[in-house]
């Protein structure tokens, strides 16, 4: 058994991109549970525990047979609700042959899972309407990261990392000590219910090479980053670039799902309001290549190194900065949700002390 | 130290193919013991613990020097009985320099080890006389599998997996739910002492592509699979294909030896009564290629995935089918042998509940 | 946290070759501590714990900014003394932002670290004056070894391994049992304070192929190996080859530093008094190639296999020989240093029983 993973179970977790579910079943550990995801003949998504009740072979090594999933070992067959519907060369299904089924729903091009005991409310699935709007174009990406899912959320919420970790890509410029961009930065942070809203405006700034391509202008621009966090760890980020010659908007939705205590699935719909014809820059392939450069090249190695270092250095505490206001706010809201449900607050939410005086 | 492995010690375990022992010593973990196997100048096989008593260098990194094995680090030399016979540049051998020797015997082209305290009875070595008969031809194969050795034994004894796991190779045909071959299947199972005999007859069946080649006929055949299991986990399987135009017999001996609790060595002599001239199909290379396709391509990945899933899902119980009669019978016999000797019954023998009513 | 590593802290440990510290910081685990090493603009060496106090990102993924080291994640900047000197876009440094600094000194082309609480005495750094003498030429090498650092020290001190482990390279010749070189061997071993001196003279011996090249003569030579061990585990070895037509001297300094309980860094300055022009044999590349053959090809695999075997066989004791006199003497001296300081004596120093009677 994997070590126990504390997680909120009355929220929706993204388990896969819709486009990942095709002709073969997909095995994936989600919130510590080994799960097999598949699509029925009718196109509906389904999720079962990833084991055959016969001899524990993973059903993800099986095959799709119409609306059922057949084990690849001895042919037990299961419906989307977990019922065992067929055992080869045998009449009758023994008691205990059914397996656990999970509530699974496809929305906004993503497959969402509900682990709670109570009724699943599909209206609580994070909304991503821009992904399907006619005047926008969305590319779906997925990354696997060997770190607790909070560390990637924190990465995204402390936007100040951009100038350092992404200095040569999407940062404003390389910021040696004392030489930071003198652009004016405004921060605004607001909690509404379980959601945290944050705006970071940098006026009249120079952009790094990739961000220049995104903005469609190599002049100084006003760059606004509007973020909305919602539990368990989804961050809707809207990037807006604006000056005399350009006005462009990009939606980056960062949807993080725990695989285990120290690994995560990271799903990212990336929606632009330009390059819709997908011919010249920016094409879908440009998006994938650039994001791979930034996420897989910069962020993932850093966050994974951070995870290993937390394990190496044990219980040392983090020292927060004024830039950590959003991170601290989200930690506070999220820790509150664990406490309200009588759950242990994960250690990743308790690493940072009091915010530094502003 | 490796975790404790419970195993019957008054039976013979196959440790190597005879052809594996040549000019260099062979290090292998067998029943949890790190062992070095070698062949003396006279051709006898020998087995010692795989450590030099001087500084614990593995003797398997040493060299053969006539009838002795010399450590490759500082030259300590050991006889087949474990005695230290030579220390370079020193007169006299200190007390405690001898190491443990194991009883090793070569028979039927295989090297057998005895771990028991009592006298080793070579007549109890599993008999494979067909491997040396003049009108047959034997090919020896070995596989390493990352699963408890019982899982591969169970694989072999539940022949019903053939139509699913080997659908595209040696199975009868792909069996979608409700479309199984309508051939008549007869099962017969009999326990004689510590041995379990089993016959599975499929009359008038179509064969998959590889089995068609084996049978030497693409018409419907009667296919008989006669199995004899004996402890600790050897399965003698005889495949017989018969119709108007063909009658062929293949002996597949599956000899499984635990390496550790979750790994095994799998030895397989494969003896045919056709293709003896080794020129056209079937040649020895054909046998090796086909077996590699089936065992390494189908069985090993499934059994290893099953092992990992058992570890992931913990103490969930298996649900047996009517096809599991042979597996359940063998588990019962084997568990009895453990109990008779006052040993703990391995958990792999306690996973399956009562047989489903027939 | 790594498992606790007992080590003497009032001695100098080599942490890096000087030539390893260039334009980027270097992360390395030394004596169980994750450390980042770097060189300031002025050329001084510095060592800090390898974590940013902000969010625990490794500083070894950061960048050098003049005399400071800047974290690559959010830009915290640290001086060589561990002080946090800059936080981007923030006035004031919060308490607790400083990190631990280690005393680091560059000498003899090597970077030395002091972990003790007391004052560091740079005169106690092992002296290697030959590395900088005008009539010699030094090549610096480094190896990473997955074994406790004592096992490599023991390897070097029991010179008798040369004829077996290095039979085809630097050994005198292949020594089958009873056929050892009949050359006269003299041993001499002397303890002076914390240091152990040892001489091994082999008169009128034949050399293996590589040693023949080193000696510059394919005739029989007198081969003298003078060793001096000093704590924690540095071995200064001087090889001298002499006959009618040659007289050559090579200094091999073996400097071993624990990384963890079961891994080590192995630094080796290799200084010759011939081939100074670096054109024909011997060139620096010849040295690197030959040492790689011997150390990486022979010694490291054996010592790593020994480490694994010690773990596999548990608490079995070693059986010493008359050749182990130097090893046993060093173990006794080193164990004494641990006892004097009230520290646990490492198990590697307690594996060998009493010396065999001479």
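Here the chain labels run A, B and C in written order, and each chain numbers its own residues starting at 1.
As a working rule, a residue touches a chain if its C-beta (ideal position, glycine included) is under 8 Å from a C-beta of that chain, and two chains touch if they have at least 3 such contacts.
Values in this document were obtained by computation on a predicted structure and should not be read as measured data.
Contact with chain A and chain C alike is made by B.
Copies chain A and chain B of the same sequence differ by a rotation of 120 degrees once their CA atoms are superposed, given in steps of 5.
Measuring from the averaged C-alpha position of chain A to that of chain C gives a distance of 46 Å. One simple way to say how far apart two chains are is to compare their mean CA positions; for chain B and chain C this gives 46 Å. Multi-chain contact residues of chain A, defined as those touching 2 or more other chains: none present.
Those residues of chain A whose C-beta lies close enough to touch chain C in the complex are 154, 158, 160-161, 163-165, 175-178, 180, 185, 301-302, 305-306, 308-314, 316-323, 353, 356-357.
Chain A contributes residues 1-2, 34, 49-51, 53-58, 61, 65, 68, 70-75, 77, 85-90, 92, 94, 96-97 to its touches with chain B in the complex.
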